[in-house]
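Just so it is clear, A, B, C and D label the chains in written order, and each chain counts residues from 1 on its own.
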């Protein structure tokens, strides 16, 4: 649709005018890292962030989400979508969001996710500071960048705002933004065209080859070796923008018969994840670490490829950084398998 | 697959269950209760044999359970059956429900047995223990539409005579002409006059088995391997063998990830699988 | 619904878990709609000899002479809940389990250390003396978990779901920046969750006050403590004695 | 005299923290035995800290006591800071003082309103009061929650604080991860405290109506408390010893052992202390007797209203002193918050050690003076620790109170039940924290 120009010093007032319309969720600093949080003070906006601890999926699919409330045996849905702007989403996360959009709408549409998703306006942002573990430049390349409503690109003296949907256009219509000049637009295009080159880590294998080789390694002993230090902590699952597994639990309230049912993010690396009762007994279908570790890599590189049109990994590098034992990095693991 | 209309609750919330009334609740063994149920608000329960539901009690949770009745019964009476074995938190809350109480339900879910493919063929059903519940749905269906199927053989094994489910059905099947029914128990008691041993022994009594027979296996995981080995002896191809799998399920609609076996979601792609589809999936059986 | 008769008992502990009971504010009064407190020495004079529905036992089992009292509580109680880390795992008191009794007695009481009333044994969870039905874990016990478990027990659930995964899960769910990323160390990867991971969120390491997860990868933990936590081998090896002495492979 | 012989046996006297025994043996009108005993299971914290890293020590010694765990933590980090040559920032000092007031308020509310008030109302516990005085109990519960929230906001949690570490704070108040949010959290706290003032006034009215039920008993003793130039001694300062004649002596914290002079009694797993007299008291009464001038004017008004005057030698008045201190703490807190907001909150990292040696500290916890002392080796591992807790310091004083009180009660012809209650109330008024000292309060009367 249309391109606008925001001077460097105009960014905060741009964000401020968005905040006047609805809550703005954007990257802010937290300790040595960044998180997406509702902006309280526009000065805290950090578009120069490398990556966030948790991916922005949390905005639509909160780590803990109430599904229903009940009292005296009657259940009611807890859907309560709140319109907001999700500002500063990096391209790899936009890709991941379009993956979760698909996963939550396929077969049975899950309104607990989709209702939140539909009311959000997503403004993407180019990566100004690549995360040291990121490899988005060499994975899920074929996947089209869709799902966002507008995109901010940092150029030498400001930002170019590309508005790509009507939702986006509606949001900024009355902000009086200046149109971007042809030079500004082409500078932004240049920035985005070479974005992948700046990505610090490279995965030097084609997705199809990886998928095939990883599948074929199903019975290899390499998984035992790779997972030896694994804590089954599931951090690699939880920080992943394309992971979406969950657990459901009921919780009583303090009244006589009230309570709620909620879901929380779950991960296939935890040992309770694959426990089942069979014939009344208890069994675990992925009892040891190696099986669980393998399942994750199968999911990331092979199982979902057909459905998603790309591997279920966008190369954000979050899992690599989150794993205390440093064994979750897809680049390292895939390389080991490809070379085995 | 049935269309999802039955499934979607208020606000289009797929995870919001509907209310079901307990019509009958009968304790059939020390740990199993047989429920006869009816949808509230006049909704219909439109399912196929082998499909499942997420049944629950508010405040305790939901669990996947297979239909134990045939849709042919439901068409007539408007009721359907579930059998619940008490093993833990949710199942305990379920078995404590009494006639008139409310159970919550989402479903039908899953694929069920490919009934059309079975029509016009010989059918063998091998059920172990509580595996008789989901298969009862198919057994009843076949018996209700007996002319649509050729030879029908049914093997049922349980640990002890006391643990036998559906004793009234068993009585009928034992005497019935249109089903070749064979049963066995692992451990007999003083009143048991039948066979004692593992379920695979029943194959020894079969003179022949048409390799075109469609076979359903449902029981404890350990049973699958041995039954399939017997079927190999009769040259039954893997394409003709159907297994019913159990996994932990939280959503039942292909989202939560708990039931995933390699590429497959048991709740969406199953719980019924053609053996040829999953025999190479290491984690499946 | 009839009120559930609850009683609190204490053994070797700091009584902090009991004090947490007074920290609920208004929800505590709401809870009293369903719960009748029949014995709680720290806040009331009343006692009971009648059967109790739920007995909450605080403190670890650290003296043989306490066994009889524990057994009598078990006999009178329908459900026994280990209340807090000391009762659930031995807690901080087990930090001396690897030491020699004469040594630690002498350290604290000097020349008077041979007085017999100072004798103790290894600090153990109360499950070392009696059957325990469930635990409200943590040092101090988690108030949220208390409400979660008690409301379920009130509604007749005998097998209450409690997480079996490590603290890292809860840390991620609340988006805490990992201690290791801040240049610190942490026992979260082997520590049993359920607390909501308050410590890393507050900027300090998880000390695994709820004990370790089943099948904790202790070897990998030692390695991580050294490589990422910057600890000496000795410190890395000793690290998990604080709250998880009874879980260590050398226990 | 009719009570020639007394035979009362009460097991597990209640509403105190930890277990202690009283054995009184009266034959033919003569008191033969009158003993205060502490048979709590010893816990050996001083042995357990050996070999632990300085960053862990406060987390361990906090577990000495769940009720004054904030105080233990503060005493511990202060001793460690002294041993490691760490000087904390002004912001840390102010936040810790604010925290200390939070703990004092919190603990005093529990003691006065939940544990002592039932005695004054003739009830066995606070629970029957829910029926008879629902309004009072509800307010007490809310005030207790305020105390908990207040201390938790600064320290992470009021039982076994997380954020208080050697060198400063591990993180900003509340859930803040930046200074702007921290300031918002402090503003919230200020509002919470100010909103609670009317409830405190209501509690004052209740206490005033019950003041007549407080036993009139006096015994002159030595009072030991902290004196601080900055404020009414709580968080920091020097040790002051106040004699019954008004003589004062000031002692440096490093020389605490010259005050405590610990000794082991066969009656107790806790150690006893003594200084100039055969016993001394270290409690709210000791503090208020020592530092009355520095009380906040609003707290002085409450004291005057309650007819409280210093010096006060009635140990039962310790509970009244605690209530006055609670009011003092509320007003002081508001002042500290204003000062912090004026300075502006900064995101400070805890300061690092500059040496590894030995150091001691003193902090007033709700029930009296607390000392911690540690030594560290070059790796920052603790080589020795010493903790002297207030209840220990009060054991001998309780004993001497008993020695004077029991004959007086016998003289006044009190019934066994009355004597029993008077002794229990006396023990309770000290707000003893026996698990601190190392559980069972048995009162045994032998004939």
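Here is the rule we go by: a contact is a pair of C-beta atoms (placed from the backbone, for glycine too) under 8 Å apart; a residue touches a chain by one contact, two chains touch by 3 or more.
Keep in mind that what you see is a predicted model, and the values were worked out from it rather than measured.
Trainee: Any chance you could name the chains that touch subunit B and subunit C both?
Mentor: Touches both subunit B and subunit C: A.
Trainee: Report which of C-D and A-B is connected by more C-beta pairs in contact.
Mentor: C-D
Trainee: Taking all protein C-alpha atoms shown, work out their mean, then name the chain whose own C-alpha mean is nearest to it.
Mentor: Ranked by how close its C-alpha centre lies to the overall one, first comes C.
Trainee: How many angstrom lie between the CA centroids of subunit B and subunit D, rounded to a whole number?
Mentor: Whole-Å distance between the two chain centres: 66.
Trainee: Compute the distance, rounded to whole Å, between the mean C-alpha positions of subunit C and subunit D.
Mentor: About 25 Å separates the centre of subunit C from that of subunit D.
Trainee: Please report how many Å separate the Cα centroid of subunit A from that of subunit B, as a whole number.
Mentor: The answer is 38 Å.
Trainee: Roughly how many whole angstrom separate the Cα centroids of subunit A and subunit C?
Mentor: Chain centroid spacing, subunit A to subunit C, equals 36 Å.
Trainee: Among the residues of subunit C, pick out those that touch two or more other chains and give their numbers.
Mentor: 155, 161
Trainee: Could you tell me which residues belong to subunit B and also touch two or more other chains?
Mentor: Touching at least two other chains: 59-60, 88.
Trainee: Taking each residue of subunit D in turn, which ones touch at least two of the other chains?
Mentor: Expected reply: no residues.
Trainee: All pairs of touching chains, please: list them by chain label.
Mentor: A-B, A-C, A-D, B-C, C-D
Trainee: Mind listing the subunit B positions that touch subunit A in their complex?
Mentor: Within the complex, subunit B contacts subunit A at residues 4, 7, 9-17, 31, 58-62, 85, 87-88, 102, 104, 128-131, 219-221, 246-248, 250-251, 253-258, 260-263, 268, 282-283.
Trainee: Where on subunit A does subunit D make contact in their complex?
Mentor: 28-31, 40-41, 44
Trainee: Over in the complex, which subunit B residues touch subunit C? Could you list them?
Mentor: Within the complex, subunit B contacts subunit C at residues 59-60, 88-89, 92-93, 96.
Trainee: If we count contacts the way the header does, which residues on subunit D are in touch with subunit A in the complex?
Mentor: Residue list for subunit D touching subunit A: 177-178, 180-181.
Trainee: Can you list the residues on subunit C that touch subunit B in the complex?
Mentor: Listed in rising order, the residues of subunit C that touch subunit B are 155-161.
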